[in-house]
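Let me give you the structure first, and then I'll get to my questions.
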Amino acid sequence: MLMREYIILNFKTYEESTGDKALNLAKICDEVARETNARIVVIPQLTDIYRISQAVEIPVYSQHIDNVKPGSNTGYILPESIKAAGAVGSLINHSERRLKLSDIEADIRRIRELDMVSIVCTNNVEVTKATATMGPDFVAIEPPELIGSGISVSKTRPEIISGSVDAVKNLNPDVGVLCGAGISTGEDVKKAIELGACGVLLASGVIKAKNPRAVLMDLVSGLG
Amino acid sequence: MLMREYIILNFKTYEESTGDKALNLAKICDEVARETNARIVVIPQLTDIYRISQAVEIPVYSQHIDNVKPGSNTGYILPESIKAAGAVGSLINHSERRLKLSDIEADIRRIRELDMVSIVCTNNVEVTKATATMGPDFVAIEPPELIGSGISVSKTRPEIISGSVDAVKNLNPDVGVLCGAGISTGEDVKKAIELGACGVLLASGVIKAKNPRAVLMDLVSGLG
Amino acid sequence: MLMREYIILNFKTYEESTGDKALNLAKICDEVARETNARIVVIPQLTDIYRISQAVEIPVYSQHIDNVKPGSNTGYILPESIKAAGAVGSLINHSERRLKLSDIEADIRRIRELDMVSIVCTNNVEVTKATATMGPDFVAIEPPELIGSGISVSKTRPEIISGSVDAVKNLNPDVGVLCGAGISTGEDVKKAIELGACGVLLASGVIKAKNPRAVLMDLVSGLG
Amino acid sequence: MLMREYIILNFKTYEESTGDKALNLAKICDEVARETNARIVVIPQLTDIYRISQAVEIPVYSQHIDNVKPGSNTGYILPESIKAAGAVGSLINHSERRLKLSDIEADIRRIRELDMVSIVCTNNVEVTKATATMGPDFVAIEPPELIGSGISVSKTRPEIISGSVDAVKNLNPDVGVLCGAGISTGEDVKKAIELGACGVLLASGVIKAKNPRAVLMDLVSGLG
């Protein structure tokens, strides 16, 4: 049986997670998920979604979608195109790709209509509350100053996680809260879960690691 | 031996050119290219580049790249990622995805460094001249008011094509001029070539056609 | 004593509301406000804020602010700059100038810290709810399809107004709901107030009118 | 008789150049211009253009315009609005406010049609060349890494200035080349003029100075 909580890995645009290397990394995640029964999700670049979704059993999400309909939108990311490539969910409003409020609301609806999973990234408790009212599947709270820092939000700013968890529970208890920014060890994960998060969103901690499999195993040890 | 001129097909984000349908359409282009010795290029959505480049022999380009380096750029299009997926060129600054001047200049350099082909779209003779000085492989002149109109720029505004061809010849004769906007028949292609263009860029004329193969065969008949 | 409800006039970038004409129009609004005791607010272009705020007694707001701090931000709209010019509030996220969620949240806080009034524009009930949680002074609900249409939202889509009013009352009763889009007569205003709005936001109905004073007098007749 | 070369002062959004302080600084520039016969231009924030243009005789420019026509463009900067406020020119594409190529081309034409002066900022020789073909009145070359650095481009990267001057002379000799980035002394100005620039564009060197008048006098000493 799968564990309840999530480890969600954003591949960003690192050299270590592009093309063949992305495929390889996704396969490692897939193996760790199978061995440990952990819920692991990978979020590769758009160009790598297809080949990764063909090769692994764990869910593959997209890093971004654009609020466009099928038609004349050269260079934009049609939600239907990521689904056709095998993605079953998408990040929305990552701190490196902030979106307009009206687009976030439309994106959440589109993703729901396509039977996919939405994770909306937020930067503070106020934005988390606003986002929760729009009913995404998850919010991922990531204080921008801690992203990529190696300083875990769950340890240094626990009130942001617990504040978000409380606020979301009040406004829209169906929305899960993910903890991002600075997560790199099983202890960080454990602390996040204790604060009420239902999982973690991370990137460099695994992708830039010398031994991604070992880091993943450690992260999983913090679950459940 | 291949013909000299190009027929370049932008898949945009049409339903008819997403996922399996994109793959199917690319295969038709591939067959027509083989049968006729025409140079045909396909430009599918980002998510479809990999599977199409695996399945066809004609060149596959990307609709867009972002001016980012490998690193923390969630949701952006790393030039290296499209190359890893099998693309050998990219559109830059399509009328539906206009870019900043400084990004266009940087994109042209990046694409060149990656040994790929750049096509910069422009909207009038002045912008074509500015673009030519930056040395892309091609400029594709597309008056925005004619895009998707079915009214061929080569017929109704020939002075835009010939003006662009002359200006580019003066400023940077290594840059090829493509004719976009409203192209849908072999006659449109022929007229464009007569005006000095080295090919055409089109989308709906083929993609929305009942019989894309027949339209492609007609377009090719206008070459050489 | 002033009336309770608001008539808020967005000058946009119409020729009829630029420079001397903007000043003249603001003076008419000022006179009507004095004569009728109606609360009228004018929102001219940035370049006209200073001279209008010097010439009238009614409040002057800005059409936009940027989420920037004092410093190196050439061409951006520093909140402090509109205050220094005499503005006492600002529109945020107008449908013609949609903003990122994280900027809206930061803008609301900045405006509050500067003791100014914030009006956040929204496009549907979901976005209104998200906005209300962030605590602006007002939300102005404007279905984009009705803006500039002459078809009043309060008449044709009353459920959007009443739905917004109800939702805001639940989430954050300190936030006032303004009714925008298609307002042009006193009857439209009356209907909006009956649905629970605390005022209206309009533009072309007055600015493009042959006799703006007469339209304003009619609008005021719908209040209280 | 006025000198030939220009000292152009971008007020950015510094606290020291907002509202009353902006007015005061502009008056100092005006006095220095009168005393020395130097051509000095001030570029305050949008909200300060009107009151400054009313108070000084030296030319006042805008930091930015948007590519919009009179109409429904809430929050955008209509070129006609800056002219109505007393501006006689505008920066376009400042490094802190980069614009799309197609907007730069349209902006240059609009500014010309309004009988105003255009200064397009550029970041390297290639972009300077592209810009020169579009015929602005001036290009201001500012390597982004030197802006606000206090390290003068004219001293440390003279080849960028001379390369730009040569390229512009070839392509469009009617375009003046301004030297930006790191200018803070009369010697920097002198060096820029020797390299073929027709003036300098600067900001912090004067605005953040304890004694802006003294810095201005020193800068002017480098002219002619």
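Going in written order, the chains are labelled A, B, C and D, and every chain counts its residues from 1.
Convention: a contact is a pair of C-beta atoms (placed from the backbone, for glycine too) under 8 Å apart; a residue touches a chain by one contact, two chains touch by 3 or more.
Keep in mind that what you see is a predicted model, and the values were worked out from it rather than measured.
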**Chain-contact steps, minimal, separating chain D from chain A** = 2
**Message:** On the document's contact criterion, could you list the chains that touch chain A and likewise touch chain C?
**Reply:** none
**Item:** Farthest chain relative to chain A (centres taken as mean CA coordinates)
**Value:** D
**Request:** Give, as an integer number of Å, the spacing between the C-alpha centres of chain D and chain B.
**Result:** 37
**Request:** Could you give the separation in Å between the centres of chain B and chain C, each centre being the mean of its C-alpha atoms?
**Result:** 44
**Request:** Quick one: which residues in chain B touch 2 or more of the other chains?
**Result:** none
**Complete:** One finds touching chains in the pairs A-B, A-C, B-D, C-D
**Prompt:** Taking the complex as given, what residues does chain A use to touch chain C?
**Reply:** 93, 98-105, 122-124, 126-127, 129-131, 133-134, 171
**Message:** Touching residues of chain C toward chain D in the complex: what are they?
**Reply:** 10, 12-15, 18-20, 45-51, 63-64, 68, 70-78, 80-82, 84-85, 91, 94-97, 147-148, 203-204
